[in-house]
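Going by the order they are written in, the chains are A, B, C and D; count residues from 1 in each one.
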Amino acid sequence: MALSVEKASSGREYKVKDMSQADFGRLEIELAEVEMPGLMSCRAEFGPSQPLKEVRITSSLHMNIQTAVFIETLTALGATVRCCSCNIFSTQDHAAAVIARDDAAVFAWKGETLQEYWWCIERALDWGSEGGPDLIVDDGGDATLLIHEGVKAEEEYEKTGKLPDPSSTDNVEFQLVLGIIKDGIKVDPKKYHEMKERLVGVSEQTTSGVRRLYQMQVNGTLLFPAINVNDSVTKKKFDNLYGCRHSLLDGLMRATDVMIAGKVSVVCGYGDVGKGCAAALKQAGARVIVTEIDPICALQALMEGIPVLTLEDVVKEADIFVTTTGNKDIIMVHHMKQMKNNAIVCNIGHFDNEIDMHGLETYPGVKRITIKPQTDRWVFPETGTGIIVLAEGWLINLVCASGHPSFVMSCSFTNQVIAQLELWKERATGKYEKKVYVLPKHLDEKVAALHLGKLGAKLTKLSPEQAAYISVPVEGPYKPPNYRY
Amino acid sequence: MALSVEKASSGREYKVKDMSQADFGRLEIELAEVEMPGLMSCRAEFGPSQPLKEVRITSSLHMNIQTAVFIETLTALGATVRCCSCNIFSTQDHAAAVIARDDAAVFAWKGETLQEYWWCIERALDWGSEGGPDLIVDDGGDATLLIHEGVKAEEEYEKTGKLPDPSSTDNVEFQLVLGIIKDGIKVDPKKYHEMKERLVGVSEQTTSGVRRLYQMQVNGTLLFPAINVNDSVTKKKFDNLYGCRHSLLDGLMRATDVMIAGKVSVVCGYGDVGKGCAAALKQAGARVIVTEIDPICALQALMEGIPVLTLEDVVKEADIFVTTTGNKDIIMVHHMKQMKNNAIVCNIGHFDNEIDMHGLETYPGVKRITIKPQTDRWVFPETGTGIIVLAEGWLINLVCASGHPSFVMSCSFTNQVIAQLELWKERATGKYEKKVYVLPKHLDEKVAALHLGKLGAKLTKLSPEQAAYISVPVEGPYKPPNYRY
Amino acid sequence: MALSVEKASSGREYKVKDMSQADFGRLEIELAEVEMPGLMSCRAEFGPSQPLKEVRITSSLHMNIQTAVFIETLTALGATVRCCSCNIFSTQDHAAAVIARDDAAVFAWKGETLQEYWWCIERALDWGSEGGPDLIVDDGGDATLLIHEGVKAEEEYEKTGKLPDPSSTDNVEFQLVLGIIKDGIKVDPKKYHEMKERLVGVSEQTTSGVRRLYQMQVNGTLLFPAINVNDSVTKKKFDNLYGCRHSLLDGLMRATDVMIAGKVSVVCGYGDVGKGCAAALKQAGARVIVTEIDPICALQALMEGIPVLTLEDVVKEADIFVTTTGNKDIIMVHHMKQMKNNAIVCNIGHFDNEIDMHGLETYPGVKRITIKPQTDRWVFPETGTGIIVLAEGWLINLVCASGHPSFVMSCSFTNQVIAQLELWKERATGKYEKKVYVLPKHLDEKVAALHLGKLGAKLTKLSPEQAAYISVPVEGPYKPPNYRY
Amino acid sequence: MALSVEKASSGREYKVKDMSQADFGRLEIELAEVEMPGLMSCRAEFGPSQPLKEVRITSSLHMNIQTAVFIETLTALGATVRCCSCNIFSTQDHAAAVIARDDAAVFAWKGETLQEYWWCIERALDWGSEGGPDLIVDDGGDATLLIHEGVKAEEEYEKTGKLPDPSSTDNVEFQLVLGIIKDGIKVDPKKYHEMKERLVGVSEQTTSGVRRLYQMQVNGTLLFPAINVNDSVTKKKFDNLYGCRHSLLDGLMRATDVMIAGKVSVVCGYGDVGKGCAAALKQAGARVIVTEIDPICALQALMEGIPVLTLEDVVKEADIFVTTTGNKDIIMVHHMKQMKNNAIVCNIGHFDNEIDMHGLETYPGVKRITIKPQTDRWVFPETGTGIIVLAEGWLINLVCASGHPSFVMSCSFTNQVIAQLELWKERATGKYEKKVYVLPKHLDEKVAALHLGKLGAKLTKLSPEQAAYISVPVEGPYKPPNYRY
């Protein structure tokens, strides 16, 4: 798409694929609201007091219907929002359209190039004069990364006059990041510093983004407080586990229509995401094999009747491969070459580097046959047989299906709302330093409690005597911080 | 669509939605072939001898990719085929396009009106001069019904000169059938008699169609031999059970993106289809309740931990309702009125009369909001709350998703190939009277055997001593005819 | 034990292990009655009219608590009963004691020798003057076999004067049978003929016994009518499937305390029993592999995510082996030699010849270490490693645990009651010839219906219109005879 | 039993039920060793260096076969051990016998009175002169409690001359504890002080014991360092979860033979133990309902398809009740009165106060019928109906069955070995203060790793690049301390 900003009738900026899909988006938002009791409860509880009144929030999340309900919750609490996506393929265009029309500045569409992707992030951070956003909600940490790299480059420029050099890296995507920053410095050599100054904090949603934050905390380079929403129990043990249990199958079915029952499936990694994926495949009648580096997770798989082997042991016999590790270089092109004809290879981790897409694309003589968008058959010249790679290596559930369902995302996003409220409320108290924090247990329990009624659940109440016996308050929190659930 | 027959470059007639989708259809056929070892094995085994050479076959099946592979198997064995669909919504337009372009006369598109539907059936039976087809493959029995009703009307006309009177019934669909026959008699008062004369037999695929056949057999009105493919173990206990276990979830996800986990789901009927649906919902984390009339099936549900209640007991509390009974009037509008807001109502049985669509459509003041095609929210005026009806009451899996996956359909369609071969081979021997037959056990076992290699299975061989001990041949069949699996 | 008949205070004959356990038996019977609604309902429905008044019934069933409730149901309907067991290890001595004290002549104890076993069967058939029993309830067919062999030998003796010769066979058990018959002929050369004359029929409970009956029917040697209770749906698809799903684990746990989770388990045979065993092991966290001869059953296993391989493929790697085939020579000593140290080998089929116990016992240098009764470790001289054989190769669930639980046995035994009533009621009508019959569908449905209330189930009622639509009576039966459930 | 200490031929003291069972115990130990690779590996790794040489260890654990293998591991590492049980019913007499004969002083038998129970603990702490043990391994914390209460009473006595007064409490068991201490002070008013002085630390095994320790830590009354083994992942997430998943069913089956399938079961508490129990019941075909106080755990249950209700909602309809909370007063006598006839009530938490046994025993007119030891039917006078209480309210798995299987206990006990080694090694370094510690992650991972080979698992190795990418060492630990698995 031509990279020019458009303006809605409201005067808000946007860039989306098709504004005419806004009505469809609205209908789906209305359905989703019924499934997102946590967010609706936040609107009811906090809406009247407008705690985020005129707060600038940049949202870097998968721009789909569930995120739309989240954005409208932020605006219902008073915030002004600018949105980009956090993945080139995960935007639902009707969701982007309706939010752009009704609520916020949106820069996102399904099928961005990497160049477009980073342009969108830049737009979402671009609040005009007076610096950037007050708060960021991030998923994967790309918006956070851009600011950190920007500040670093500006400091270098201030000290040495040297502009960032895209050719200094052979990581294609990082070349784009450096290019954007370089162009920015030429216009305003303090842009990212001003952004950092204004910024109160970020709340981060996913494992990969959180890892980056902890690395910066360890290195002492973190520029603002961060709340790690990923490690709220009501996020990580629900969204990652039950969300993926649902949406992996959804993605496989929509992309390939393949019969899961009877197939040999390999799940690389048995963390929360891997546990969800393995459970889904097993329950659908597949034989599942897990690969793991961690002996504890491996023993968990074994206790569930799932063998633990290496990829090399099973690469020739399996029908479906799913990477869930959050690590890189899990399935390499030399593995893919050995697979059965029409073996399916997909990833459900945040980044696409779990699968060696570069190795595949540059394999001599390989032939790519696009069955339909994001479903490609790659044929190797030696054998004439092919493998099917889904979502070009990106997250299958968000790219080939609709991502996680609303109910579980309501848990995750309610944590995000609470985190944003907390960061803003404590912006001047010094409660949060330039570190990574998790939400306290009682808020985690509150998020869960908001989701029970929809499913017809009734909690038992502790008597004071019982509470005393197990040394907890009657109203909770009921567990020590390190409790594993 | 305008109801005019078009002609392909091959000279074959057709009527499909979009011929330009043929290439996409071809790519999906190629994927499906890898998953359909039974059909591919039929091509290898029977193709060289062309046992169906110049045989006219009318196919009245869901016109999707799996059916396309089946049609190309028939043509690979020499047959000439004319196709319609057996459901107004179940055609995949790319499948219809590729078959129309490359293989057979096709009259089918997604979203036919009932009028168009019966026009398509008529076209598929219209082989020009020299009567109709030699063989029919039917699913639900509509093609078979048209011939039977046609013959009946022609006899009446011959005796009394009375034409069929569409206004004699208030069943809207049957009015259309009578209208078609009436128009036909006017042109050729012997059309269906000629068809009947030529016709060697039908092989029928599904429970509802088979029930019609047995009723005709009991009444003595069956006009030609029929093979009941539905009751092959490798059809009914696989397609109906494992197929639905797969495709119910697929349909629910594509149509609604709803989180299955935690939801209260009601499955009406616990036959093979109901068992598959209940298993799928349970494994996805739903709480499942079954309704049943049959105490044995009810006791099976209980042994699986599934409560058995009546619809009235649970209508106000459940989130998802699925009808699987093959009976009519299962969920009535008075039930729907009592349901929770946004309760999901769908059917996976062959006909749409399991759900009282007529009652719903004509309910005073009801409002229909189409979220997307085949996903409608119906709002009742009294409460302002709505329910979500999928697929307009037709089979959710075929309408809202892609139907059953290829592998399990390979089992069903391999039975169909064998049935067609058998009917044709014995056309002159008198082996088959005007009755309903099931395939013999050894052919059923053969169909299964053809599907084992793809899944890496290895069978154990009986020793002669063991075979004698249990009184079976070493090579099978291994079970008595009434064995229940 | 010394093989002499004792007399209870009632004057009834008996031979049990310990009459002092009768009170314990009574307490367990009282618990079981609450779990056996079908039998209790038979008492309520038929007790007042005493339809079995003074009918002589010989019961050859596993003499445990569930059978005790069945025996007391027969006596509540008026019958006089004599009991033996149908397995040398399956008697529960407290059950035998209480029935002997309160109800019937009992000849059974846990741990009979084969000689004692056949002596007990003879006693149970010995009704003094006026021939033998009027009816037999059999499990496995040993009582039936004894009469057939007896009649055959008497005919031979009458014709040729030749007595049966035990040394004519090298089957040790059959030598005993011939010996008993030989001794009998010396006393009364018409004993079995008189038995046959009086006998109205047998109802047989298990797959192995039914196979024998059908073989006799085919050979024309069946001497009296037989009702095949095993093939009632409410027996075979419940007792065999859900009973074994429960009791296999129970047996494994009591015998070995072994952790099931994580273990590699091989289930030989995937019929109803095998399906129950595989499901149980899988759910307990084992990895399960099935061996099969039948491609249809094999494909069913695959659809459940269970690989199908041969015993040779897995013999060295599996931890637990279970035979369920009803065939012979499934696990041979050459297999056992290759197994891992402390691999567990057990059988849950009716006869002990699924495991090559003879080969094991006679293996040169093998050493048997009895951990506890019916749990033996067999150490091979070559390797010094051992395997653990349970129940000496007999049915693990009945020998190492308490057999199937009461509720599912209530289904089986209610079928037996109905079968006995039917045989007796029709004794003079000629309805039953010397053939094998199954109970009609409506009685099968009745058995199921009697068990629903206990589990809180509520059936839906068909409307007359619905019943007509699917061509069944409103009150059932709801399915055609060949329906597979 | 007469409370007198006996002496083995070795000269060691003991008090067990039946020394003749020692050989049987040895056979079962040999089987268990094959299933306990972690312990056997500890023997191989640490045995040669005798790190516990002449260390006095008091073991207060369930005295069964798995504990026996653990005791023999401690002695293989050089330790001298004195053992009691930590529950009146959980001793396996053959395990006690063999350890008493071959390894250690044992004071334990199945069916102790509370008086006998505390006498045994006293014996296990009685090392004669030179104070008590160097180390304690505790399960539930009773040995630890006795020392703490003893020290407190001695201090009071020293200050005020007042002896402890058993009549000061109406807790019957605590009266016994005070009586023992009182008697002790009369003999030696410094006995527990001397014990405390010598004692290096305790490693505690279970949730209830750990809670006591943390309470003492908070109160500042903890007298020595404690390692919380319960919260090792390889203990809590395996023993508590997978152990109970196995042994709950085992206990129910051995105690009642009841059919689990079809029954309505209530699991009170959905922590690790409750999760294991609920999974087991569900997989066995029961309908499961959970009661919970914690909204997060409640939401987990819902995601698994398990409804969350209060006990009051279901008390009249359920068939099986299991308490797993670690809290008190969960099922009260007023609940029990409302239950269905023959409802089963049992507890799998550490203490028996989850079920109101006192209320039941003192209910006016209630009648107790002992079916067999630890299986009692209690009949209420108002209704004449009864409930079945298992294990007299103590842990059903350890009392009615054999406790957790060896493999999972190997994980738990390997943590115990490591904790004991750590406490001893660091006894003089000051590393451990009077606080509660968990083992470091790398040791937890090591425990898991020791158990993989037995189950045929193969781990994947991180490349250095991958390890750097996710910021972990190549050899682990792989997860942050708060990772939840």
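For the reader, a short list of remarks on this structure follows.
Heads up, the rule we're going with is that a contact is a pair of C-beta atoms (placed from the backbone, for glycine too) under 8 Å apart; a residue touches a chain by one contact, two chains touch by 3 or more.
A quick map from chain label to UniProt name: A, B, C, D = Adenosylhomocysteinase.
Given the structure is predicted, the values throughout are model-derived calculations rather than measurements.
Of the two interfaces, A-C and A-B, the higher number of touching C-beta pairs belongs to A-B.
The pair from B-C, C-D or B-D that reproduces the interface of A-D, where over half of the contact pairs by residue number are the same, turns out to be B-C. With centres defined as mean CA coordinates, chain B is found 41 Å away from chain A.
Centre-to-centre spacing of chain A and chain C amounts to 58 Å, using the average Cα coordinate of each chain.
Residue positions of chain A with contacts to 2 or more other chains are 242, 261-262, 285, 302-303, 307, 455-456. Within the complex formed with chain C, the chain A residues making contact are 261-262, 282, 285-288, 302-307. In the complex of the two chains, the chain D residues touching chain A come out as 211, 214-215, 218, 231, 233-234, 236-238, 241-242, 272, 291-303, 307-311, 313, 326-329, 411, 444-446, 448-449, 451-452, 455-463, 465-466, 469-471, 476, 478-482, 484-485. Across the complex, chain D meets chain C through its residues 24, 27-28, 31, 34-35, 65, 242, 245-246, 249-250, 253-254, 256-264, 283-285, 317, 341-342, 369, 371-372, 377, 388, 401-402, 405-408, 455-456.
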